[in-house]
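In order of appearance the chains are A, B, C, D and E, and numbering begins at 1 in each one.
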């Protein structure tokens, strides 16, 4: 695939309030940089992430969507990330089944102490999505200029 | 079979066990049976039909019927039976108001299969063992019954009626080896590009008539998110490729774990989109990742999407599965 | 620019008046600052905010006003909520006028007119009443019976007090549903008030208001001996195109948007009861 | 549409150095609904906050967006600021342009662009915010403790001590639990009864404590601060008020062959009984399974001999309905059944005993009066083999036993071995172990004393088989360190059976809508930070119902649970988190999907009438969320297929608006 | 009359598509026929009719009306219409050809006119094709349609060897003029027509009686109790509406794509519960009213407004596609039966 050198992907990162959002803050506190095309949306828990939101992001022009939550077993609400894990596994599998690049979606468990992991994960994810190029398979032409 | 069922229906009405019977009503042709409520033995004598074209899953009608005055008799085929139980689990139907008669079933035919076999202008059908003798305005044709079966009957997952007050015929068994995931596997074996092309060619035909949704016993929402102007994703027609995908992905997701794989969505799709392949993908994944689960097979279990174990597979398992990029 | 009836024109809201806690009047001109179109009393227009929606509103101002058109709009859905939250200077889109309007230059001429309105139902009548006031010589006596829940819910109250009630040949009868300390006028529901007033059966009646008001006022008028041919009302059904095409607003073989919204009760009697 | 004010903070140079704050404010001022946008050096300073307050009042702002540091830092600050200016605190959104922009992106153009986008997302969200008001619920100042073992007793005493009334519900005729059956306690070897019974007496005499013994929980409704509990008081056929506990009835009762559960069935008791001398309440109970009067109608001796006239054969179960503000679960444990461990000949020979049975055999109040005698022939055993980890740390695939470590076995086995050797130095004592785990104060010293001072033979290895033969128990075992087979002819074998939660726990958890793990231990709200609370608000955990524990740990947790209860009960009202789930009942199907995923049991269902077409009324089952119980995780919102369930403060539309703004 | 040998049909298609877009009915991967632009290698479907009717080409399911840009208080109106290119539809059956007349009265002739529809109609040439093998679900005869004599700009017939063409309009003549066709006798297709009429005489629904319906029957039929039983099992989906060649209801919606707001119209169905839902009330509260509306519109209201012309062409699509097999024939027979 031809990739425009100047093109950068749009990445939406959903972060749970208790672990991963704090982890993202920590990577800021430690001045660990990651690409600016990652934009974080705070949700109370990874289980708040409705598959609708992921599809919505792709429709509106996102090229990659990542969900970050507490490590399994550490959920602030005890069980939230377990549900999120099943839901996302099934959703990602379905997207793959429809022929949509599976590398565009990801779940990563990032604790409030893992600022470095957050930054590393984002760097790596942006790189992976950049390699894939623009999201064409789930875009909505009406959201483009 | 039809005679026995009609006799039972009349008996239930006359004995006062029920005040009405949900069944299939004769149409213009031999195949166009319409679900209907019968209230008198005369109506049953005249119009009640049970044939290989009584494929419609009528459990969804019981949502409303079971809330009306008095008891209603319903005839439950094995595959309808799973929906029947699932709807009970979801508190959608009032079981006390239903007299359920289980029916042993050895497969229902699909008019579309007959037409696609090139048989046009059909006017009559006769079952002759394993063969269907089909009368048409262009002369008589024959076809093997197995070639005319509904997709869901070709891969019949169970001949067991889970819950009924009495059975007509012998209750059967589950068949986990029915090959219903073969098509899904075929798709999984394709490359993502091929899969994408396959689904585009299918879903781009969708006319958003909502037949799949309206017929689906799991889609029993008071108002669907796609119809609710406040949901933020309401849509009436697929105005872009995305909306076609979105509707079918979200619909499959919403029924995941509750879908009994009754196959009605594919049966009614006017564009013949194999929608069951979406639902089956979820079922197959759930079976493989979280253990075999059949919605509507019991009254207690939690659907896998509403359950978890601490040792579940990580979503990254998806990267390891499916074809390569 | 592609031309089609469904493609709206740009409008500007130049003034917003608060009438009651949930009714505001919006003054609209075209992008050129002039009146967007000429209308007949009783006609409607489609206003829209792109992305929010399009909705049909009756035009409240009289055709005799040359500079602008006005809409009195009650807050009751997403489009109206948005309109209520906006400020003067805002663009809207507008298309119209739609519907048949009142027969002000035919059937009404020379007649004594009785206008009966409830709540926001005054909006479509406001246009006719002011038209008739402007062409006073063409009509007989004009009576207006107007009621609302409370004093604060009377639309155009100031205009009614300052202009209508001070004018000769027009009698305004106001009523509110429940007593209020500041209110020294009539208290009671509109239908009862109409019967109490014992209007002459030769009058032509124009009604607009909530369905219960219409139902009981009509019954009262029937008891008094009115002819259904002389009673008019305007109807409202869900509409998308407002030009008789989208298929929503038909009552039997009539489209409310095209053949209405003004109907005589004898005409409605011919239609199935599905409105 | 809201009237929104945007306040961009420089955070000194923390933000301003890499984000053009002026450009951000300027760009955001053009967004729909924004009526004011500015930037300022320190938004969180007093003058910064004053400016926000001023602008809210001056411009009649209905929403505020602050572009600043992380909401985890100052969201609460700015919410308070706005609240003091008369704006609902939940009409404030923070765009995190410090931790997530200026500190991670070095290029000013890039940072500025991202800050604008995050600001837009916050504006888009605020557009859809609604004022939220935290609900208040009154608190019933009374606690319920379920289980009267040491955990329950300690919790009750601590709560009572703070001045709140407490009820202890105990299913047995007396409180005391497992600890009452123990002989000595490790590692100090003080006598269990000596330290427990004074506490039991305290509990019995405390004015704030009511002991409902021989009672069970029938039903629990309600939520934190307001539980309605039905308690079944089982018929004991003796009037508790009248009975003096004199014991005459026990002496005269002709039915003397009832296995005595207090002594693990190693001796018998009468049909009317007081479990042990120090029982609290000290009241007799008739065992309906064995009483001749109740079973045959003939007898009635106890009634005749009772001077207090306390016996009442007509007594029926009673249901007591009580209100509580908090519930403490202290249902404790039991040793597992050893039926499945046939290799140890437990069911073949009476001389193979469980550790708890051994405890009774050693106890002065036990069946042998404290002399260690073999149950089979009442002779003194000379060789005793202790087997550890019986049913603990098992392979999941073995389908018997538990995967977890029961935690207390290592220490009590060391105690048993040591006590045996001390009392009967002529006895050879072998302990077979997989690992000896002694992390605890004085634990390892204790174990080493057993080995070094008392010469207990500790052998790393598992016993393969025990075969009763000629009055002996042939023990076949392997020594893993020496890698050899061992054969011992033992007189007694003692099995350190795994412990498991009491069987009553699972049905109780269902009634409490408290969650449990697969082993039936109650789950804590957070494994690290909230170890004594259940995820269901108002339900607290004490003792081994939450996981295996020894006595000091149990007492510590009991105290911790009590302090949590106290800090709840001192409040007159509970102020909730307003960001809770809210069902739209017009959309709700009542399908129960949400209830299935709610970790807090916050969702119930109600049959409600709705207006149907043509003036009909339809009764529909709809979900009801108790805002006092919901914690706002949002699991239900995704489980809900109809989208009827939404989360206030993080609604579907709000999140989608953020997505839209970001992807624009 | 002109003709071309069947073997050369591809040449004909190529010749037409060289000048303008040519739509022909083609089977898709699932054997469903649809009108799609001709490209080399595509074979014409053997099916009698397409799943979706030919109305799609004039009144597409989704059509952009106009776009907007919002900037603060300012709205910019942006043209969304793209220029429509001339096209030819080949293989339209007699029933669908009639449906154009029905739609024309709503979109073409009624005031105000529908520019989108008119532009497409004006730029199209319709080549119809006689039905050699009608199906049991066909009842176009009930509406006076002769499947042996289809309307359109050009009528076409086929026998074993050839296609025959007859131009009916100037547009049709213009199309045929430029094509590689041979001349044929004026009666060349008579044998085909005769065969077709023999078959139509055997069709099971040929005697469908419509005498109870038509203009002025509203009061008589509206309150018929049979509406309740007929609509009882209706699922409320839009299948019948969307496959119907004459259904023309639509919705107008806005889509905010972030950069521009698109106003589009899309098909809607009077069978949907939200079709007439207002915040204040619902004039058709149950499926009975919605079901009745659809059939009353086709059989009474439309004829009322359009000189007795029924808004049904007997194509039989709803008979085949309704998930529960309720359809206009059952309605006509039940409501229309002597009481």
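Here, a contact is a pair of C-beta atoms (placed from the backbone, for glycine too) under 8 Å apart; a residue touches a chain by one contact, two chains touch by 3 or more.
Given the structure is predicted, the values throughout are model-derived calculations rather than measurements.
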Handout entry: Neighbouring chains common to subunit B and subunit E, by label
Key = A, D
Fill in the blank from the handout: Min route length, chain touch network, subunit A to subunit E, equals 1
Fill in the blank from the handout: Outermost chain relative to subunit C, judged by CA means, is D
Exercise for the section: Write down the chain pair with more C-beta contact pairs when A-D is set against B-D. Expected result: A-D
Practice task
Could you please state the distance in Å, as a whole number, between where the Cα atoms of subunit A are centred and where those of subunit B are centred?
Solution key: 36
Problem - Inter-centroid spacing, subunit E versus subunit D (mean Cα positions, whole Å) - result: 67
Practice task
Could you give the separation in Å between the centres of subunit C and subunit E, each centre being the mean of its C-alpha atoms?
Solution key: 40
Completion exercise
Distance in whole angstrom between the CA centres of subunit C and subunit D is 66
Problem - subunit C residues counted as touching two or more neighbouring chains - result: 86
Practice task
Check each residue of subunit B and list the ones that touch at least two other chains.
Solution key: 225, 233, 239, 305-307, 309
Problem - Multi-chain contact residues (two or more partners), subunit E - result: 70, 251, 255-256, 258-259, 262, 268
Practice task
Kindly provide every pair of chains that touch.
Solution key: A-B, A-D, A-E, B-D, B-E, C-D, C-E, D-E
Completion exercise
The subunit D residues in contact with subunit E across the complex are 30, 32, 613-614, 660, 663-664
Problem - Contact footprint of subunit E on subunit C as seen in their complex - result: 1-10, 48, 50-54, 76-77, 86-87, 89-93, 211, 236-238, 240-241, 243-253, 270-272, 274-275
Problem - List of subunit A residues in touch with subunit E within their complex - result: 60-61, 140, 142-145
Exercise for the section: Over in the complex, which subunit E residues touch subunit A? Could you list them? Expected result: 255, 257-260, 262
Fill in the blank from the handout: Seen from subunit D, its contact residues with subunit C in the complex are 1
